[in-house]
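You will see two complexes here that share chain A, one where it goes with chain B and one where it goes with chain C.
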Partner chain A sequence: MALPLAQELIFGLVIGSYIALGAIGFTLVYGLVNMINFAHGEFITIGAFVGYLAVVFGGVSLPVALLVALLVAAVTGWAIARLTFEPMNDAGAVPLLLMSIGLGLVLRNGMRAIAGPDRRNVPVAVTTYRFDDLGFFVTSNQLFIIGVTLFAVLVLHLFLSRTMVGISMRATADNERLALVSGIDTRQIRNAVWLAASGLAGVAGVMLAVSQSANPSVGFGQLLLIITAAILGGAGSPYGAVAGSYLLGVGIAVSVAFLPADIVALSSTMAFAILIVVLLVRPGGIANTEVRTS
Partner chain B sequence: MGGSVDAANRTDRRTFLKKTGACSVLTAGLAGCVGTEGNGNGDGNGGTPTDEPTDGDTTAGTTTEMAGPERVVIGQPASLTGQWDFLQPAVSQSTDLAVQEINEAGGPLDATLEVQRRDTAVDPQQARQVVRQLVDSDEVHAINGLFSSEIVPLWDFLQEQQVPVVTPWPGTTFLDTRGGDKGTDDLGDDEWLWRTVIGDTVHTSGAAEAMIDEAGIEQMGILSATSAGEEGWTRQFVNWYESLGGEVVEVVSAQGGQSSYQSQLDRLFENDFEAWALSFALEDATTIIRNWDEGGYGRQLLMEDGLRDPGLIDAVGDVAEGAWIAAGSTEGPNFESFLPKFRDAGDASLHPWGVAAYDATNVIALAIHHAGEASHDAIQRSLGDVARGGGTTVTTFAEGKEALDNGEEINYEGAVTNVDFTPHGNVWGDVAVDRVTPDGFENEFTIGADKLQAEIDDY
Partner chain C sequence: MSLLEVTELDAGYGDLQVLFGVDLHVTEGEYVAIVGPNGAGKSTVMKAVVGLATHMGGEIRFDGEDITGLEPQTRIERGLGYVPQTENIFPTLTVEENLKIGGYLLGGLPDDRQEAVVEQFPILAERLDQRAGNLSGGQQQMLAMARALIPDPPVLLLDEPSAGLAPDLVDTVFDHIDAVNDRGVTVVIVEQNAKTALRRCDRGYVLTQGENRYTDEGDALLNDPEVRKQFLGGGDSPTG
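And then the complex of A and B:
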């Protein structure tokens, strides 16, 4: 007997996983550094290219490529942030936002100038597991992206709840001044946030390079959905970002299946319809976080 | 001390404001001059200083009527960045190859041919600025470029410029009845755009014909992007396919740039059909084809002409093996001689638009030489003359220049088509349905241009 909506649910989890890996890092930066980082997509792109180089030229397996991309993207993202955002920390949210837009353009076109416009594919063998009686199939690739995302969420949860750095992060996100007078080195916390956010973006980049390709705009293409998921989940809340990402993913997949043929192209727009509805009902997003002021 | 610094700052600011104001007035004045000095519409000699006879031309005390410019400039709006940037390298390489050959043959009007290439990112607003820059600042004699998505919104603007545009890019049906010289000598009815690539109407009618008559497929589904070009292809294909008796059971549309298209495929393949068509840009098409293969959906795949790219083979040549791709002929009368020269010129991946860019550059150069002057009006008048039938057949600029210098009329036969311009400035060609293999494309069957011309009334 076919399970109703099982296939749509799997597709939704896959779409949500791609979004979630990017959204966690994006929302960590928003919560801790208090800035909307429009260059986050480019950190994803860096991960995509590193993953491509690791698999195609390094000859390593995909899990190893993920680790390499995580490390390289983390260090690169942190270094970029130290050079560009950190000196402007006290300038306020708007200058930081503008800086991130400019930085994103520079990075995107810089990568285009270096790597060229060609799309680079990451070859990965895929096995399909069919459960025809239950009415769905799932591929090894889909299981891998869902598994990587759930593992990242689990590690993040342990990091935030069981380590001093993680607890300090939460304290800083809650009230930076209070954290500072409590003896927390908020500069170190910011460093940790940039490392974590950029590293997760690198992992997202590798997965996108597998599903699409490594190209200069692969990360930027995901940015709108990532921002939507972060706001939907409650800007600044990593758990909310994960929930928002999966809500979007499942919403998009289900809408493709059930929207009338004439408007099925609007399935991507459903993400924003969901955002509007949730914010109307719950202005702080799913996690109901307090909206921060600059 | 602090007070003096403040005073100095105030003075600096005041000085700065004065200078800025003065510069603004000067700039505005210059802009006004540029805007009124000549609109570059080809009145007389195109308004370009380089068209003036040189001192050397008048040393004998007479002005030579045929004295040409020292250099002729073709403007090339290009997709150096943006979604379609991967297509530009072949077009740039082909254009540069043609320019090199033309200059080696002495150039049009014995002038040096140059290309001024500027990036539009295939954005209509940026394209508008680029065209204005090419016409007003670079004072180009003709333009070689512009995509469908730039031409359609800028149509009136382009007509106002009255600069001949010969473009290798657009497939849009918008141009089916627009452009060209309408087959008359009267410039008044001309529309200043010609294309050297086969239009979507020809592609889609050929694809539909092939599906019905050659493959015997009577029911199809379509997965289409929502971008203008892909939607246009889909709409045209559905019209032709259903007019020939086929049935399109469902069209599933989706926005590009998604990480997975499994939902859209799942929805499409709930329907009963024999083959499905895919109308997406290359980046998304490769994702979709991988998703299709992983999902085991099966059935015959037909892809739109834009996907006939070596990049498709590199990315999914193995999983898409056996799929069909319907595209206008990529091999015209001059293709065999063009191909080795193109390969020697660089390492860009060749595609039909790249070949068409070679034809566009040659046609412009021949038209300039045929015209005997480099004014916009004269070039526009000559474009049809050098490429339509009725003269000595030539396949290169060198051959054409020699024939023209001997007083003969010429008929340029191109590398992608025979470039026999219709009254609307379009070209015909066969439509080939190729089969995808891991090593490339292999011809499955071909629908002749003659058959398509009989079916398409206005083109």
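And then the complex of A and C:
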């Protein structure tokens, strides 16, 4: 007996997994650094290229490549933030937003100048598991992507709920001023946020390099979906961002199955449509966080 | 010797000056109340002491050392405990996580400190796993004090601890403050509720328009006809 929607659900989980790790980082930066980072997609692209280089030229296995991309993207993203955003931290949301748009453009075109516009595939052996009775199939690649994402979310959860830095991060997102007069070193917290956000972006980049390709705009292509998922989940809430990503992923997969092809061919149109509906109906998102004025 | 010594303090927010040459001295173990009408700058004194206001002149010494130029977080590290008037808890964190944040400077929440503080505020004991935002107003105020007391600070600064609380809870909160002071913690409170604060404290300051107006023992201020007439709504002496 074929299960209706089983295949769409799997596609949706895969799409959601691509989005989730990027969305967590984006929302952490939004909640703790109080900025909308339009260069977040480029941190993903850095991870994609590092993963590609590690596998193709370094000859390492995929899990090792993930770890390398995590570390390189984390340190690179942190360093970029320290050089560009941190010195103007008190300037307010709009200058930071403009800086991030400019920075994203520079990074994207910089990578295009170095790597060229080619799409580089990371070669991996793919096994397909068919469940014809139930009416769906799943590839080893898809399982890998969903598994890595769920593992990363679990690690993040343990970090945010069990460690002093993690709890301090949530406290700072709740109330930065109270965090300051509780003795929390908010600059150290921002450093930790940039490391975590860029590191997760790096992992997302490798997953995209494996299933699609490493190219200079692979991360930027995800940005709209990431922003939609973060707002859908309640901007600033990492758990909301995960929920928002999977909801968006499944929403896109199901709409692809049921809506006319010429509408869904523009999957960014779907993301925009969902974003508009969410903003109108529930601006606080799933986590119903306060909508910030900044 | 004064534990906290504020001399000729000018402070405000940005370009707006609120305090004009305010003096405040607090001796170890004392319980001091700062009262005065709305807009007198009471809370600003406290914010200036912890480093949240713009410093414009004068000196703040704590435990013999000049802390005037230090970051808020360094002042807290030196031993100032501070409870803001509003938004003084982390609402999405659990009660226990709020206490953990209190232990940030200790690198964690030592069991003995958690026990000591929960013993002082038993209402928190069975609510450790609850989201702090779900607590009632009175419970949130207890949690805010408990969080600030985790590092065992020599001084506790409380900004309007009774604001927005039901009358019966006001007494409970003041009883807790008495208990904290009885355990040897120096207490400075800013209060709208001037009569209660002056009755409870050792010494009081009356502030108007950003300047010191009167200072004396709490009872003496309560019985001072001028203070009563101008700031306590007149009438008979509350203690007499």
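Everything below uses one rule, namely that the second predicted complex is superposed on the first by the 286 of 294 C-alpha atoms of A that agree within 3 Å, B and C clash if a C-alpha of one lies under 4 Å from a C-alpha of the other, contacts with A are read in each partner's own complex, and residues count from 1 in each chain.
In this text, contacts are C-beta pairs under 8 Å (C-beta built on N, C-alpha and C of every residue); 3 or more make two chains touch, one makes a residue touch a chain.
Worth saying up front: this structure is predicted, and the values here are computed from it rather than measured.
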Is it chain B or chain C that touches the larger share of residues in chain A?
-> B
What is the contact status of A:222 with respect to chain B (first) and chain C (second): first, second, both, or neither?
-> first
Have a look at where A:117 lands relative to chain B and chain C in the superposition and call it first, second, both or neither.
-> first
For A:182, decide between first (touching chain B), second (touching chain C), both and neither.
-> second
Which partner does A:164 reach: the first (chain B), the second (chain C), both, or neither?
-> second
Touched partner set for A:174, first chain B, second chain C, both or neither | second
Shared contact residues on chain A - chain B and chain C = none
Residue numbers on chain B that touch chain A, as the complex places them | 81, 83, 85-86, 88-89, 226, 250-255, 257-260, 262-264, 266-267, 282-284, 286-287, 290, 294-296, 311, 314-315
As the complex stands, chain C meets chain A at residues 50, 52, 72-73, 76-77, 82, 84, 87-93, 97-98, 100-102, 104-105, 107-108, 147-148, 151
Within the complex, which stretch of chain A touches chain C?
-> 164, 167-168, 170-171, 173-175, 177-186
Chain A contacts chain B in the complex at 7-8, 11-12, 14-15, 18, 109, 112, 117-119, 121, 126, 128, 130, 137, 139, 141, 207-208, 211-213, 215, 217, 221-222, 252-253, 256-257, 261, 264-265, 267-268
